[in-house]
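Here chain A shows up in two complexes: once beside chain B, once beside chain C.
Right, the complex of A and B next:
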């Protein structure tokens, strides 16, 4: 495979700080994959102590999911399927940059501190053709409203987008904005309901129930890698109506990285499968890339 | 007739067997239907009662317009909807005050929880994601800093009066919500609760009512929508069958008792009516046919006909018993005399109903076939069971029988009839002239008949469903939904044209990349061009060709040995993607603008209160992207701009709402029309408005319009019904005429027998036309009944007339005899049945009222026509009619 001079990184869901390589030959579901790596990395995985409380578990998981590396790029394919089996595909490049350097010189940031730090996202659509170059940018501010911009090339318009509600659909997929950029740690109260051989099982309840559509959600977090492998959202009657599952994890630049995941809406029977290709960490994304002037004209270096 | 007396003999001699078999058979059929209805689980192999109140079933399941309707509804995920309208006349702001909105909020949240698992473990109940309520819909509006914002319209109940009004104002800014969720007058709102299956509406409605009862606010709730109406109709239908039909039976019984004064003898016809009804309905249920609005009326139709024959037998029996004093001999004579007329009246009535089997409407077919069956059953019972029954009665039942009978009949009715005889004879000419005048008036009335139906109007005007319907349609754009599917034509696969199109796109792209100073990015274009033709020729359609080309481009990009080559292949991919999207018809601004003009045309037509489409969504998003300025409420100029508006729209809480209006391939769209009336004629006017517009402004890209939705389906079956009824009435007329010609062995007499029923049908339908009563389903079906009943009187009258003329020598001499017993039997029959069905007037369902009135009218008119017009004709054409006989 060539090294195409193109942003090949990831954003969002999944990555792990566990340091071992996953044998490619092993047949894998996400659970097995994470489990394998846990088995292999026994004894050598970082100096970190295993988290003790639900808060620790979630902070570690959140970091693995959203904050690995100082920056990251990925080519993302979203396949949205409805109950009738009709499929729509969206393809985009997603760039992410942590404002505070959490790794390298750092590592000094704790999981909780890291998850409270600001980040920027830059999402550039390529397919379908009629939304080519449509761009979406977020300055994520944990604990406050994010700043969001939208560039619509066909209308030659850069638009601020209100972000008061993060639980609306991400461009028609079954993922919400919050799934893409991460839910703030302080938004929920949580309990560690179970610790199995491989997983922590954590239940979260929103502190402000009127701001969200769920009553609670449960996460299965792999103990070795802190990768969230499964989530179930429940409504007020305790029924699960929305599930997230990881379908593939790779080790990229020493970081456990989710490369395929699926969000399913059990009510509409639709689902979105997201695939991350060409994930790259620490490519040196400049801070000013995440400003309004780059919305109209993406730097070819990072975005095709 | 030999056969007749033999049957009577057998029946009398083997009376125990006859009665025993009849009762056993009735019990067996009754149980066959009753057991699986009461304990469905214990008798899984048997059919229990199934109720079908779905107007869609007026069309067979494989009817193309219905298949299309189902398929398209599935495609656009359009479920049947329960509508909860909320109004508050006590408040200046209508329902837009905190108290009412708090209740509305609670009700919507409660409605979302109305979900269960069905037998198969599937979710059933309210489709939560598609609920339209202030708390479940998105408001797209201006946020701070010129940003566009999606947020729930009313995430929590407003606390102040100002906040409550703000909810209204925001909703009214959204075209999709204004006139649908919030009324245009700003005083009412409506919740829309889609159901997974419409038979859940009763359960959902009941739960909502229970919740609403706890509010105690000043606002009123109206629960309606077609599924609710259908369910309610089913319930009312059973009440109807359980109350109206028995009441009719009781009234008939009392009238007969008044005429005949002998409980034991009157009980005979009632038993026959009851057994006929049980056997017929039992057979209907046991054979798995659902009880539909039509079949629920079967008892009401069978009863008069079943009673009719036995009344003739009894009437005759009464008159003769006095002469002989021997009931066995009397019943033999009576059966002998009445056998032929009864056989023919039953055959003709059965033929009238059987003709309904010619209609293309399944419930009407089932109705016709089973009523015909019931008539034949009633006939068999009359000739077999009545003699056995008479034989069974103890002797003392007949003591001083004739005397009281004679006295009773010497009173009112008999005297009146006897006095009529000479007058009728003298008034032949005026009677004929009057009949002709009436016929002419009837013809004019028929020409004014308005064909129209509306299932909601099957409820009487003060029914809560009708009240809700009136209230909601006065506030909103309309609650009757009609949908127009617009399909892009299927294109035929032309590889050469495909190659030409993609080549042109590649060339364009190359030119623009060169212009951008990036010629190195076009290195792959020649290779792509070379692959184009073979791949297109190997493919069977454009989708296949694009898929293989896209795979090639993405493989080559991955395998490329330089970044420039890889990027070049990516450019090829984007060209292919653009080619793929060129078929996205409903992103084309021209198409969307055409749709908007079509919508405006519909609203101008006056029948459509409001319409919604993809064009409205695009325009709304476009306006909000441009700071909410009203002049930006328009379709942007390129399809990419449309696509980007839609991408923005899909960042809302309800991105899937889009797929109610367009398919994901953007090749099919649905346009929603809200009609304020569910009258078929209004839907027909909307059909015409479409045709007019299509002529004026042919759609771009050859779009094909197809109607669907229940309001449209109603028109389809109405059209079929009108044509089908004419055919079946015509067919029945010919069959009955042939039977008459055979019975009387004369064409002239056959035609004569048809006169009263012709006049009856003409007058009844003439009156329907003159009164402006719409020609709907019950009215249409009654033409068969009119035919079957009106001929009965004529047969009895003419058969007797011919015999009496033979006996008495001339018509003049026969006339007084005719106006004695025969006229009395006819009058009794007409009165018993006409009056017996008047209780139907108090029914809460309009079709039953219609049937009651028309039955009475048919019986009355055909009775009078028989007693006046036939004597007049017999007198006038005596020579022609009795010539052959006199010669013989």
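Right, the complex of A and C next:
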């Protein structure tokens, strides 16, 4: 039984001293996670006063989506369904580490600062069989070109790969590379078009329209958590051709975490559903894990 | 509940009945949170998403959508498949759960079964028409034994073109080709050791290679086996030393591992002694260094990243990897001693990858360049640039490389060259272009590789199209096209071997 099964009210109660008797019934791991949650929420947008501008809203959302924790590991499954209903599956471990210690005692970054900081990603595929052990590594550099490497195990080859094509399909799915590692905040102009009971609704337009396939996109950002629950990409005629919807959110180590989401291409009728299993934050990924050494020799304590 | 999902996914992966599959799809769709009433898209409010599970909302207000059933704040439980994080929730089972494949999956054995067939497109008087005709079964297994990681990978091959079925693990001929059999461990935090049969690669080039003097399999490459077979395995010990100053790789190969070079049995070539193309009528006879320890090889690399530049220096002590000498007494081709030194740099530039690699091949048995029976020393340079071109198309990548091979002491070479042997240029220039495009939601990959030498006036073109039928099956078709003005140049000699091939692979 892992901590992420705990209902929300346990976290709430765990934070109050009055809940001593109940807390004794809560497994130790939940205590620890609740403690982390309390420590961390001090530095997080959700506990601060509500963001006012579209920029604040997007920065908070981007942080929740891509930067939570100092590091994170997840077992990721993508189910790709095409218009004919044929299914393909991609399974991979994704490790992510923030170069800047954005949380905890080492330093508190604002949402905007956090989203401008560097990250490293390590993606090791397990399925399908023909890409088993193939590994993709990214040193994400907001504002500059990311560094990307690909390790081909059969050839023992470490290839450096171009990062110019940010809006092409990630491993054949309906997610783009940019969806996986995050679009740079400065790339768009934004307007907060509505604030509802549950959502901030933000429209974004690219500053460089020739670099992307969309004319604009709209995001629904949950006010309580800054989780983006829906996105609609529109073409020049204003028609929605691509949508993103969150199908499941879980609270993991005190952090609201998307565990299931779907990207749909309305033109081709294809879609990809991504599921994040075994999400863990702050597992202590070392910085040197994101180097050639561990491309050639998988860090078996962290990957399947 | 997870069990049910696993069963379903298993059925999905088997794809036994399309009707059943589409039924399951509908069922899966029904499990998604229902959209709130009036979700049509006209008005902004109506297109607002309902709160997903885990983000329980508050009361309904005005025309704002209400929370779908089962998503009240008091019930943050997730939909099926997200309720326990059990390993098999998504049920990515190895496909083909029948018989042998099921046995393989149960025992952690991976690999593939492949049929690959090819034919020459013209008659070659020195070779058979079929260029490849093989069934290949790859079996891979690995184990973590304490702190030691063990891995083995072998191919079992049935090929009517075999001259001998008896396995020769060095040359890879026969019905067994052992690709990997090694142990790796880290005795110290800064030290990695990998010992045994392994595939080794380094450097910036993926063809040509300069400082990567690990064995290549040119026969596999030219008859159209999968790209991975361009690299032949080494029997070696690799030691990696890691530090903040620089990283060092040392590879010791106790017995010389030659390339799997063109010897005439599968690919015809120009035989300078005969002064004509030759093949099965006159396979190359070689005298290969094969003493343990005495005929060993050393390779080293020192590398580090400096501000986005990947810098490396290389050294090699061993032998020319393909025959580069001749013993006039025995009439056999030789592998003279070779030392090589080089360096490389690779960085990101203009959204692409720029690389530079240089190497000096010191032909140690012919330092003066005046021994006509041993190749002269050479300087090799490779400059490359590779980039995605989203400006033209998505998932479209192009690369260009310029390769220079400069012979040292060309005057001495020319002066001592025996009569009747074609003269090589002092400088061999090669332009390498490649392009690849992913199509049909990346089910199809089309690529082309061209290797053209204006100085030798020859070209090699390798088009390839592969189509992924599903997660298990891949169909590949391709060709190896050789053309040249002369029948004795590096590529030109292979002219009659131009071939097309097709392969069907089941991965498991």
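In this section, the second predicted complex is superposed on the first by the 255 of 304 C-alpha atoms of A that agree within 3 Å, B and C clash if a C-alpha of one lies under 4 Å from a C-alpha of the other, contacts with A are read in each partner's own complex, and residues count from 1 in each chain.
FYI, a contact is a pair of C-beta atoms (placed from the backbone, for glycine too) under 8 Å apart; a residue touches a chain by one contact, two chains touch by 3 or more.
Fair warning: this is a prediction, and the values are worked out from it, not measured in the lab.
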* To do: Based on the superposed arrangement, let me know which partner A:260 touches: chain B (first), chain C (second), both, or neither?
  => second
Query: Between chain B (first) and chain C (second), which, if any, makes contact with A:196: first, second, both or neither?
result: second
Task = Considering only the touch criterion stated at the top, classify A:128 as touching first (chain B), second (chain C), both, or neither.
result = both
- request: May I ask you to decide whether A:88 touches chain B, chain C, both, or neither, giving the answer as first, second, both or neither?
  value: both
Tell me the contact category for A:67 with respect to chain B and chain C: first, second, both or neither.
neither
Q. Between chain B (first) and chain C (second), which does A:169 come into contact with in this model arrangement: first, second, both, or neither?
A. both
Partner touching more residues of chain A, chain B vs chain C, is chain C
* To do: Pick one for A:225: touches chain B only (first), chain C only (second), both, or neither.
  => second
In the superposed arrangement, which partner chain does A:275 touch: chain B (first), chain C (second), both, or neither?
-> second
A:159 in the overlay: touching chain B, chain C, both, or neither? Say first, second, both or neither. both
Both partners, chain B and chain C, contact chain A at residues 2, 4-5, 82, 86-88, 126-130, 132, 152, 154-155, 157, 159-162, 164-165, 167-169, 171-172, 268, 270
In their shared complex, chain B is touched by residues of chain A numbered 1-2, 4-6, 82-84, 86-88, 125-132, 134, 148, 150, 152-155, 157, 159-162, 164-165, 167-173, 177, 210, 236-237, 265, 267-268, 270, 304
Per the touch rule, the chain C residues reaching chain A in their complex are 12-13, 18, 21-22, 25, 32-33, 41, 44-45, 47-49, 51-59, 61, 64, 73-79, 81-85, 87, 89-90, 92, 94, 110-112, 144, 149, 184, 192, 194, 198-202, 206, 227-228, 230-231, 240, 242, 247, 303, 308, 310, 346, 348, 351-353, 355, 386-390, 394-397, 438, 441-443, 468, 470-472, 474, 505, 507-508
Chain C partner, complex, touching residues on chain A are 2, 4-5, 7-9, 77, 79-82, 85-89, 91, 126-130, 132, 145, 147, 152, 154-169, 171-172, 193-194, 196-199, 201, 220, 222, 224-225, 227, 229-230, 232, 240, 245-251, 256, 259-260, 262, 268, 270, 275, 277-278, 288, 292-293, 297, 300
Chain B contacts chain A in the complex at 74-75, 77, 113, 123, 127-129, 138, 143-152, 155-156, 558-563, 566-567, 570, 573-574, 577-578, 580-581, 584, 587, 622, 625, 636, 638-645, 647-648, 650-656, 658-659, 663-665
